[in-house]
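These are the structures, in structure tokens.
Two complexes are shown next, each including chain A; its partner changes from chain B in the first to chain C in the second.
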Partner chain A sequence: MQRRTFLHSMALFGALGVCPSLLANSVSGSANAISVEQLPELKGELTLYLGRGEGGLYEDVLNAIKKRNPSFKLNIRRGPTAALANAIVAEAKAGVRRADLFWAVDSGAIGLVSGAGLAQSLPKDLISQLKPEFQFSNWIPVTGRIRTLPYNTERLSADKIPDNIMELPESGLSIGWAPAYASFQSFVTAMRLIAGENATADWLKRMNDKATRYAGELGVVMAVERGEVDLGLANHYYTLRLKSGKPNARVNLAFTQNDAGCLVNASGIVALKEGDLAANFIRYLLTQEVQSYLASEAYEIPLVGNVAPPKGLPTLDTISPPKVDLTKLADLRPTLSLMRKAGVL
Partner chain B sequence: MTRWPRSYPFALIIALIALIPVAVLATLATDSADMFDSRNLQVLNNTLLLMLLTAFGSIVIGVPLAILTTYVYLPWRRFWVVLLAAPLALPSYLGAFTFYAAFGPGGELETISGITTPRFNGLIGTAIVMALYTYPFVLLTTRASLASLDAGQVNAARTLGLSLFRSIILVVLPRIKNGIAAGSLLAALYALSDFGTPAIMNFDTFTRVIYVEYNAFGLSQAAMLSLQLMVIVGLVLILESRVKGTQEQPGRHLMLWPGKWQLGLMLASTLPVVLMAIFLPLTIFFLWLWRDGSGNFEITYAWNSAHASILAAIFAVVVALPVAYAAIQGKAGRIMERITYIGFGVPGIVMGTALVYVGLKLPFLYQTLGLLVLAYVLRFLPLAVGTIRSTSEGIDSSLVNAARVLGASPNEAFKRVTLPLTMRGLVAGAALVFLEAMRELPATLLLGPTGFETLATYLWRVYEAGYFGMAAVPGLLLILISGLGLALMFSGEKWNELKQL
Partner chain C sequence: MNSQLTQLKSALRLFGVIAIFGSFSAFAGGPVGDHVNHLSDNLDKYTEEVNWLIKKVDGIVVRYEKSGAKEAKADAVVDHWEAVKFHAAIESNYVPVYAAIWQGLFGVKESIDNGKPMAAVRVEQHKLEQALWQALGAVKLAAQFQERGLLTKVALREGGPTNSVEALDQVKMRLDRVVAKFAEKLVKESVDIVHDTYLNLFEGVEGDLIAINADLVEDLEKDFNVTLPKAIQGKKSSVDDVRRVVDLMHGKIDIARALLTEKDKKKKDVF
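Moving on to the complex of A and B:
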């Protein structure tokens, strides 16, 4: 098991020739994705609050960073994003600061932490590495995820699926969704910002009659694959991961056009203490190597330069995601009250 | 004014410490505006139904199994006891998840056998899974009461012409009410506070509403809802305290020697429980292990789990002793004991957050193993208190009095008479705390030292990311180590039985 981790980290940073996909990416990569070779060595100690589980893939990235920087010590605390965000705010109030960095699974938690005035501003050259729509002054989006409509390939074909999310309730399809899931709530917030409160409330009510509720979006995708429902609402990577473990899975992805239904959201990282070390650590996450590793292994969408998107997902420019300021997605309270009034939560 | 029993000051301090998280929640909840949403009524209804069905189910399964394993002469008796208590070693969320993966159209059972099975979900599905994983509470507390029951009355009843079955119903059951009630109370509280099982089974309970609020950064609303949940917990505790035990002379308990086919029939009737609660999840895990391999698991996670849980078990028992004795000695003590039960009814994530605030007041403790162990003790203390109390209640107080008359100091009487007689309860209580601490997740994530990975936190990591094949190794190890804990518990029991014979 140790050996496997070791091999992963070797493939990630060391021997580029070992891993064909990395090699391919580094040849075709654009000029603005920086390689780890160009980065300064990290020296010192940081504590990272990591707001997600992840089956060892983030672990591989963090291990590879540690391995490359022998005089750098990284302490990691994992937990549900909301719990860690609450803990960070509580720590700040009590004057006991333990976290230097907070890597959150969705932008809502980032909003909570920066709303409490805890997010430090970051160097401009770091921010400018990201695609323009992902540039913010006090947090760095690390990877993206897109809202998709996974559908059962035995029960329907892509052309039966409306490309407007607002028409979904009238499509006659059975639908699975996970309203308690953070990414779903961010999506409803985006709909609120794009289509307005009334249209969103109306959509939720119409959907509620047609939809089966699941605890999480992994559950939604599994239910679609099993044929319990025709189609679901979920982040893209659950479908791609399911298919990687089960290549003949009866599920495929459809996208809506230019509405909240294909919102691109991001996981992001915040520096909670000033200093170069934290910023330099973030630089590692935006390198060619890490971004393409997270794309190929975790099926997350790279947000830097021209790093290729995960296999099985069209590139971002062929999809037409809506233009939404991601930090505004932190405004969850009105969304929850809409969802509650519609009887969805 | 009469002198307070010696256990009272200790019990009072512990009860006050147990109240700290409640105080934190109350402070957090003051920010919140909405008291009670009318939509929550449905959820409240669901929660109460689930609680009642779980308690009922755990009694229906647990009591007959307790009688079977205590009063019937079984070949390899200890094997059966350990096997039937084994669901304790399996966290109910793992059980629920494998049930979800196994049953229904497209489930693993269909993939293997081609037979489509009905789905397991909703109220009934959740209650069945909950009952399958909480009946061991009833089994153990009932066994403890049964073992200390003198067979004389049953023999008298049978001599007077009552059938065996009716004499068990009429003579035995009323005397073990306390044990059954203690076990089903734990099952009910478990049903109230568990989040994973209803979430996986797609059933709306109070914990789910709390979880939704919490994840949407409505900490104060979540705290308010937790306080409401605590009111329900409080009502359950008051109800249970009405059940009164009786003092009895201890003696040799009943032993039945059934014929071969009777024995076969009895053991066969346990089969569905064993198959569903133990065999099915293990099979699914081995299937996943075979299919997906072990991932990047490290063995230190298992050591961390065991280490923290053993500490929690030891401390919980030490803390539980004065509380359990206080509960026997008087009404005030009883109230103090009840207060310590509150922790068991609070959803883990809320308890974890409340303790973050407590820890922040004591920065030297924050994010240390010490605070984590304290959290485990606060959450699982009732398990130790309950078992210790129910065994100590069975102790004849005249034994202690005799020791005192013979010149022993209260301390000596405690050490040489009371403590050895409560040994079974101590070991059982420690084992229960150990098992629960092994599987505890939210408080471990929030309160453990930074970088402290346990089997449960690793399971969470892989499950959350959707790589549940990787759950096989930690899942199986969790079951294995919990199984060792169970074995330890029963080795304690054997020691006690030998002394009785």
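Moving on to the complex of A and C:
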């Protein structure tokens, strides 16, 4: 078993109390985030397709934007992200465009829309606000989430956890996972893109013999905390939220290195309509205020220059996530096929 | 006085449910028909249908008494129920009674199929008739609210919740549908609704909730993933068993709703 070269302890987070707040001085990045005070007023009308997000926090952001811009009308259609992406593509094929913007909770859905040639190019000064690894010509990542290995602190010490995801099945640890969960499937897609089909199929089979299945990833984290399993596979925010409500929870986060196990995925927005209004609307999502709000309230990772991550999470420059074209995570079909063949689904 | 108070409470409770139900329309039986948005215009038709249905079921019971189970053709109770427009009117407005109707239909059918004594069959028939009249009352009340513009139009597709509280309201509605589908003997569909509700609605709320009450989330996690599916799939489970689990979940969801409503009041401003 390899000794981990990077492990993050959340002891500080636990000691500082319940409410999430921000670390002010620990991020790297490109430009400073712009304040909402510097933005032009929005005037006109847009229709946004909004993938279901984090307990209405995206809605809070949208309401705040509407309140600040009384001459701006925002029509919203809500639904599961994948269904909206399919609707946008289907509408385009039928020769209609109902959505001007699409805010998706995962980048795979963005890939589906941009792959159909529907995403408009965005202004360079807007793109350059993002950290360099999140700069794309035709979509804007809004916030990030990272794959983690939450582990039970009473059953396990950090140095017993492999820093290579491929070694997990043979680690001798009991593991919890949620294969039906969309974020897990994006992670397997990333593994397929990085390690190849054969290695991924082999990993799934080896894991399937060892892992305990849960319906969702919060369930995984809670099982880890209860000690049902030693560690689990889950997005970072479940652990941070659990620690927020239960500061003495017996769970910490570990990260693998430079593989799909520490993939940073993102929610993102794409403009389907040319023009300043759609681009200016997106500028609001990258403001200091919105990025900070989503970090502190939803525990999501800000992707703009100088905005701090949620407390309890290391900064992105101290983790070594793999380099993956996030829009390629839309290619789910081969992933699901591999998972079915391995008996995981 | 007491009776009036009870009626008023029932009405208010019903209105609460209806107001929530108006945005939901995942009907298993195909297109719902626009008549559900014009309840008052259709009340005579619904009343006629309820009377017709009661007569049809009585015919089956009478045949059973005279000629036995084979001649009674008790399977027809389901066909008769699915043939009436009233079916959609109650399904779109008050799912708890909708479930009770299915329970009553199968109560009659199974008591005949199992060769139960006439007295036992009549008991089931009486329960079904009670459920049907109760349903007609609910639809009449819904019609009044609809006329006053207090009832949300039945949507062609489900609207997405805009916050955790709305999501929990949808969770409760869907749990009622779980009972309804179970009462229709659609076990797989019933379990599918539980899983779908967990993944697409509750899962989006529990992140918010866990920061307030982790034990409550843990409890509901178990209900969604173990207790309720097990109750649905249990070989000896009855509609009442499933309803009991759902009622307990409703109570916990009400607590969650109150906690999140309180949290919303303290939420900081974005700008």
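Quick notes on this one:
As a working rule, the second predicted complex is superposed on the first by the 311 of 345 C-alpha atoms of A that agree within 3 Å, B and C clash if a C-alpha of one lies under 4 Å from a C-alpha of the other, contacts with A are read in each partner's own complex, and residues count from 1 in each chain.
Everything below uses one rule, namely that a contact is a pair of C-beta atoms (placed from the backbone, for glycine too) under 8 Å apart; a residue touches a chain by one contact, two chains touch by 3 or more.
Quantities reported herein were computed from a predicted structural model and do not represent experimental measurements.
Contacts of A:201 after superposition: neither chain B nor chain C is touched. In the superposed model, A:156 lies in contact with neither chain B nor chain C. In the superposed model, A:68 makes contact with chain C only, not with chain B. Contacts of A:52 after superposition on the shared chain: both chain B and chain C are touched. In the superposition on chain A, contact of A:36 is made with chain C only, not with chain B. In the superposed model, A:126 makes contact with neither chain B nor chain C. Once the two complexes are overlaid on the shared chain, A:293 sits against chain C while remaining clear of chain B.
More residues of chain A are in touch with B than with the other of chain B and chain C. Overlap of the chain B and chain C interfaces on chain A comprises residues 52-56, 59-60, 78-80, 180, 214-215, 218-219, 237-238, 241-242, 245, 298.
Contacts from chain B toward chain A in the complex involve residues 37, 39, 104-107, 199-200, 202, 208-209, 211-219, 292, 294-299, 349, 352-353, 356-357, 360-361, 363, 366-367, 442, 445-446, 450-451, 453, 457, 460-467, 469-470. Chain A meets chain C in the complex at residues 18, 36, 50, 52-56, 59-61, 63-64, 67-68, 78-80, 180-181, 214-216, 218-219, 222, 237-238, 241-242, 244-246, 249, 289-290, 293, 296-299. Considering their complex, residues 159-164, 166-167, 195, 198-200, 203-208, 210-214, 217-218, 221, 224-225, 267-271 of chain C touch chain A. On the side of chain A, the complex with chain B involves touching residues 1-2, 4-5, 8, 47, 52-57, 59-60, 75-80, 82-83, 85-87, 90-91, 93-94, 96, 98, 108-109, 112, 180, 182, 185, 213-215, 218-219, 225-228, 237-238, 241-242, 245, 298, 332-333, 336, 340, 343, 345.
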